[in-house]
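Chain lettering (A, B, C, D, E and F) follows the sequence in which the chains are written, and residue indices restart at 1 in each chain.
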Amino acid sequence: MDTSTDIERLLLVRRVEEFLYREARLLDERRFEEWLKLLADDLRYWMPMTRNVRFDEAERAETRERQDVNWFDEGKETLLLRVQQIRTGVHWAEEPFSRTCHCVTNVLLDAVTPETVSVNSRFLIYRNRGDTEVDLFAGKREDVLLRAAEGFLLRRRKIVLDQNVLLAKNLTIFF
Amino acid sequence: MDTSTDIERLLLVRRVEEFLYREARLLDERRFEEWLKLLADDLRYWMPMTRNVRFDEAERAETRERQDVNWFDEGKETLLLRVQQIRTGVHWAEEPFSRTCHCVTNVLLDAVTPETVSVNSRFLIYRNRGDTEVDLFAGKREDVLLRAAEGFLLRRRKIVLDQNVLLAKNLTIFF
Amino acid sequence: MDTSTDIERLLLVRRVEEFLYREARLLDERRFEEWLKLLADDLRYWMPMTRNVRFDEAERAETRERQDVNWFDEGKETLLLRVQQIRTGVHWAEEPFSRTCHCVTNVLLDAVTPETVSVNSRFLIYRNRGDTEVDLFAGKREDVLLRAAEGFLLRRRKIVLDQNVLLAKNLTIFF
Amino acid sequence: MSAGPGRPFPADLVDFEKGVASRRLFVDRDIYDRELENIFARCWLFVGHESQVPNPGDFVLSRMGEESVILNRDLGGKLHVFLNTCRHRGMRVCRYDFGNTREFLCPYHGWLYGADGTLQGVPQFREGYHSELDRSAWGLIEVAKLETYNQTVWATWSADAPSLTEYFGEARFYLDNFLAPPDGGNGRLEVIGGIQKWITPCNWKFGAENFIGDYYHGISHESADRLAMSPSGKKGRHTHDVVKARTVKVNLSYPEHGHGVRSTVVVGDFPYTSLYPENPAVDAYFRDAHEKRRQRLGEQSRIYGGGGTLFPNMSFSNGRTSIAVWHPHGPEQTEVWRYYLVPEDAPQEVKDVLRHYVIRYQGPSGLTEQDDLENWNMAAAASRGTIARRHPYNYQMGLGHEATTGRYEWLARGALVTEGISEQNQRGFLKRWVALMQD
Amino acid sequence: MSAGPGRPFPADLVDFEKGVASRRLFVDRDIYDRELENIFARCWLFVGHESQVPNPGDFVLSRMGEESVILNRDLGGKLHVFLNTCRHRGMRVCRYDFGNTREFLCPYHGWLYGADGTLQGVPQFREGYHSELDRSAWGLIEVAKLETYNQTVWATWSADAPSLTEYFGEARFYLDNFLAPPDGGNGRLEVIGGIQKWITPCNWKFGAENFIGDYYHGISHESADRLAMSPSGKKGRHTHDVVKARTVKVNLSYPEHGHGVRSTVVVGDFPYTSLYPENPAVDAYFRDAHEKRRQRLGEQSRIYGGGGTLFPNMSFSNGRTSIAVWHPHGPEQTEVWRYYLVPEDAPQEVKDVLRHYVIRYQGPSGLTEQDDLENWNMAAAASRGTIARRHPYNYQMGLGHEATTGRYEWLARGALVTEGISEQNQRGFLKRWVALMQD
Amino acid sequence: MSAGPGRPFPADLVDFEKGVASRRLFVDRDIYDRELENIFARCWLFVGHESQVPNPGDFVLSRMGEESVILNRDLGGKLHVFLNTCRHRGMRVCRYDFGNTREFLCPYHGWLYGADGTLQGVPQFREGYHSELDRSAWGLIEVAKLETYNQTVWATWSADAPSLTEYFGEARFYLDNFLAPPDGGNGRLEVIGGIQKWITPCNWKFGAENFIGDYYHGISHESADRLAMSPSGKKGRHTHDVVKARTVKVNLSYPEHGHGVRSTVVVGDFPYTSLYPENPAVDAYFRDAHEKRRQRLGEQSRIYGGGGTLFPNMSFSNGRTSIAVWHPHGPEQTEVWRYYLVPEDAPQEVKDVLRHYVIRYQGPSGLTEQDDLENWNMAAAASRGTIARRHPYNYQMGLGHEATTGRYEWLARGALVTEGISEQNQRGFLKRWVALMQD
């Protein structure tokens, strides 16, 4: 059999999974500065809002990147601000801090180029905070990973959160 | 070392995972017609109901395929009807349509034969609809995949939904 | 290319995943005696409680193993008692028994030694019981697997449940 | 203006002259609480079917109002319905959905009840109770009355309740029709294993009213009607398959009792229509049944299909033989229990065909009921608000056009009757509802 | 001591002399229910912006009180606001968030309403209703009054409501200011696509009071202030970027109406301050607008930034141009809808800059509002308890120091005014609240 | 028939002559609301243990009724209990479970409270408040009284409350016994790090009544009794390990106070029973303690094991030294806080053994309490319904057989006493409950 390309592919899949799992772990362990290092400088981080539309108008459901209001529509510099804010110790929405559990599943490779790997996955993020606050965030991510010398870097992330009215009081966590 | 069969196995596991993840993605992206193409013509699609019984009578908990009332107990032709119904645009229970997130985890191979691969997995399906409707469906799937020329086809799916009284108003989504 | 160590690693990852998935399946299928066989005799099974603390005192959040009060802080002998209790048929908290769905995700290897493999993962456990009881447990596990002749054995498991006030009436299931 | 139990009941909630009813009936907590007392603690309620508990010791859980009850057969074979709670400190004594048992042991302190509900053992009876506890007074709480009717089991908490047949009144004719096998003979129905139970976010009366005679909600099922889902495999639902003969829809209301029935009556000749041409065995069964039924029932065999609601919350659909019970679960929530029945002595193939069609038709996975459930949910939710509650629902269809005699004498005995489409039955339901609530 | 609708209203909930208000206002179910009747079913409420429905047939969902309403334009281009419920059995007639439609078809029984709310078709009108249904009386429930004000759309359920401009009173001056583009001209604002909607666990009045004039909650945003997040990229929020000139904060309260406004007024010279030095096109736009505004408004251009709350639940922030509507969602829950607006004819680059800043500033993902939401939530939760409810909130800041004339005649017309920091506006809000609740 | 605060209390809820009590006590919202006022806002409540806050500035969160309170030590070392809410707009001032702090800064507007509760700083005190705010009147809300008793900390919101020792009455003897180390000396207990907190779906009185003297619920723990889980590793629980001497169970009720205690008393000779034969160090510790205790307490050392409930919601278990507090959390929900204690100066090995046993015994992961929690939950749920509420709970065990003198004079001082098995203590608990609720 000639499985060497298959094996290459397998190894790539695992490298991608490890990247995503390690990233999730950094977030859950609140190692945000290390997490920032996984982000490409030109990162686009975008979470549209989703609206209720007819069965045949699904493409109108999501708000548009860089045009409409979105939950997130930003770059690395804003994510850096968010991390800095948490580290002030007076970011009340995170005092006490959230306990998060980022579960990443269904990792699929889309376009694979010499420079990048596009990845589709699902997430379930459980957040627990204070005495009894609970949020469950579920949805899809479409990532583009940049192959850099030091390993992958996240260059683009689209997060589709499966909620219309947001069912959480805030979005102080990373997705 | 002699890992070639191990590697064969690894590749098979990944092919199965990819099949299941791609299937989940088709469902989440509402590409139902493409999904139907992944189903073998003789598919059995079965979701029993589960009842509360004594610790030593677990085998009586589930309703029986083709004998009892079940949540689903059907073939491809009925799934086709379901897809057609959604596409009418007047299937009110799906207008506006559900946002689904199919997370498939714990993929394990059971019997592997030249014709088929049996697969055991877990699922968590988050459904969000309208303004604030949320359902969380969790359970197990036991699939039999047929090895066809065009790739795997789903020949049999048993879905064990971990609920006694169904906690959703309807089951308009696919599992 | 020289991928043989990479492949070794891949195979190891899959063996670990299979161990964890099979373990989860044994639990979900209530094959507790078989599950006990996967536990090393010197197993430590520990689930701390987590408290709300300042952003810079995360290390004080968890109660300490063998010193503080924990949700679980025990060895195989106590887990054996728990299994025996379920099998009495008069352990009312499990009559009727819980329907559990153990989803294990984000499997990452930490230290790999000739004797052991350390594993970090995430879990989402859905429990449904009686008519309408539902609990969702989410968190992290840090496992140490022992490489034994018969395969892996679980030697150490730390379970971080992402809850402060426990939001379930009891912890009669295994994590 | 509160309408809770023990308070005077607002007179203006339903205006039968104008044909309108307040939305509060479907969203108000006080009204709901009063329903639990005035309706569910008094009326005869459907609790199950004898085929669920064929043998001594058999039990199955059921519900009455919001409460769990045990339907069982004692060791002598007698049927009982007990509240599922211990007399000592209230513990649920039966926690399995079905099974067979000689006794119910309370797991809290060990009071032991026989299958006949008697308190048979109390730990510490001598040491703790000094043998003074009057065990005969502390058996399981049993319903005031239990009756069966052609295998169906009914119970009521009211000792003053009339007999079950009195309670049914003339609507009984249609229950008989529903419970008869296809050949119109004396054969029995049986419940197929597994009751569908689900929670749906709307008041229980949405389902009860819908099944009592909502012949005019075709738009709800527009999507199903566009599919080829009928038994014959032709376009639409089974309703598209029925007899080619001229038929007329009939609505029958029994406002004294609250029951209502809808039915299809064949007017002219009435030949067998083959629904299962591709399945000869099944086809033969129904052809044969059709003939026997005509011979047995004569003119009365003209009734075809339909269904209805027996007040308050038992709905039956014939043709697709199923029973839905709309258990109240809060003012804006219902726990539906749906039973599917087949003729006990039909060939397995026939049972299979019936089972397969009905479960893809009804229930939360059924192609039609999904859309009903959606409509009920969203209608209930949109009726809750401050302004919405000021605007009553409209029940005017056919108001003032009810007749008291039907096309045939036997058809409408004791009933108000409207042919075609009408909200007569819903008004009849509300008549009874108001009478009970005013009490 | 119940305070629900229809009962006498407790006199001691707010003590304006002492400057205290009971915590019950923020946690009590009876008070909340009375608010739905006395406030949300009577006051003018903000429902949207004309730019959301530019064309005939366009619709968008909105809310009034706890209820879903449809804001749409009929085929003749006229605006309407309808309760989102069918007159027959209450089904929600519009289930899409936005779109364009000629009609609203009820999916339950098929009543068909035109875009103008008229009931145009009823299935079985002849057969079932005998053509007797008065269709003209059963159209969609429309608001009693609808008015627009410089593109904003308002509605009320009260036929007795004053005109919208009367309702605004002199606070209208500040609404004008808010709705004007940066150059102070007649250009319009437009809503950027997508309304942020989220549910937050606190009474709706927390948001309303906070935006009316809580200039003294700087500690809430201490963490944001430590970041370099302002448009200029300098330390802190946009509030750190503003004019170098001497400014004074002004609070304006209109207790008769309940409105309140906070504003910054430049005292001395007033040059343009460059916020976007690194973005010449944007900088040029604002420099130009600044000059034009000074020329157009003269002395009145001294007003800079600010915002306020128009009673009861519409808050606006100028500078960062957004509108928040605090929809009541239970005594301890609010559904916030936040609209973001930009000058319609600004260059795309300007819109981008504004959009980008405001969505990282406000809303549940915004660096400042996150901390507000947390504080409101925890304040509400800690006010619920038995002991907590015995201790009123303190509204004493600046009590007795309100003036009736401002620094400039045009500034405080018809208002109580306090320069600097005060709780005057919150007291004014409560004044109106009590007046309406006592009714 | 409402029983909420401020309304007359229904006389027929508990019938002490018949020994029955209405199920409404355990499910009714109005009764629950009245409990919050009449019981939890008046009684002495357990809030913690001094070992949790050894140093100045130490704090730990606790609860009183449904509310969060701060138990802390000010910089002078004085203990305080404050309601966890800001006086300004109610924000929760302490959001960490434990720690050390000189002050509590409110994150909403920055009011600053000292560790002694005084309001020390208010932003804008001069500019906004014109220095008029009476800071001395707006400190943190402190309990009316706080007292400690052998390291345990208690507080009450009632200024009229008797002293703590008066409140304990003669039940204090058993609290002393509980708080004493195994050797009966003056050593202290300490709380092991980490309080178990969990929410369980039943009324708070289930736990309180269960621990006050439910010696007759052995069936609940049948499964644990079949295991070899006792310290000695022999069959069953620790209760199977105890002294081989003849013992008698004693129930002591103090109906004036509501407290109740259950205890085991050794009748004959009383040798040390080795529970830890395989662990010599631990065995030696207990053997030594046993001897010292006999010498110190003489006849009174005959008391062995047991526990009880100090009204209303503090339960203690001796032997396995733990305290459970049943915090009310709605009529059908309880937030349990369980503290585990060990003798402060015991060797680490002894602490380990005690800790390990008790956490696999009690709490939601404990092999016994799991089944209690299940029974309480299902009992509560099955008591909620319309019919269920018509049937009272039975409290007749031992009714009329209470004695006023015990086997030994010191044993039953001031108490009703029943040897063996009885519901005397539950009746005593309800006596006090009714007295307070009638107020």
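Basically, a contact is a pair of C-beta atoms (placed from the backbone, for glycine too) under 8 Å apart; a residue touches a chain by one contact, two chains touch by 3 or more.
What you see is a predicted model, and the numbers here were worked out from it, not measured in a lab.
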Seminar exercise, completed: Outermost chain relative to subunit A, judged by CA means, is D
Problem set entry | Pair sharing more residue contacts (C-beta pairs) when B-E is set against C-F | C-F
Exercise. At what distance in angstrom does the C-alpha mean of subunit E lie from that of subunit C?
Worked result: 49
For this session: Could you tell me the distance, in whole angstrom, between the mean C-alpha positions of subunit A and subunit B?
Result: 26
Exercise. Touching two or more other chains, which residues of subunit C qualify?
Worked result: 7, 10, 52-54, 90-92, 95-96, 103, 105, 124, 130-132, 136, 164-165, 167
For this session: Would you mind listing the residues of subunit D that make contact with two or more other chains?
Result: 95-97, 107, 197, 199, 219-220, 371, 374-375
Exercise. According to the definition of touch, which chains form touching pairs?
Worked result: A-B, A-C, A-E, A-F, B-C, B-D, B-E, C-D, C-F, D-E, D-F, E-F
Seminar exercise, completed: Per the touch rule above, subunit C residues touching subunit A in the complex are 1, 3, 6-7, 10, 13, 50, 52-56, 58, 103, 105-108, 120, 122, 124, 136, 138-140, 162-165, 167
For this session: Could you please specify the touching residues of subunit B with respect to subunit E in the complex?
Result: 90, 92, 95-96, 130-132
Exercise. Which residues of subunit E touch subunit A in the complex?
Worked result: 95-99, 192-201, 219-220, 222-224, 226-229, 335, 340, 352, 355-356, 359-360, 363-365, 367, 369-371, 373-375, 377
Seminar exercise, completed: subunit D partner, complex, touching residues on subunit F are 1, 23, 26, 214, 216-220, 371, 374-375, 378-388, 391, 393-394, 396-399, 401, 420-423
Exercise. Which bits of subunit E are touching subunit B when the two form their complex?
Worked result: 95-97, 107, 197, 199
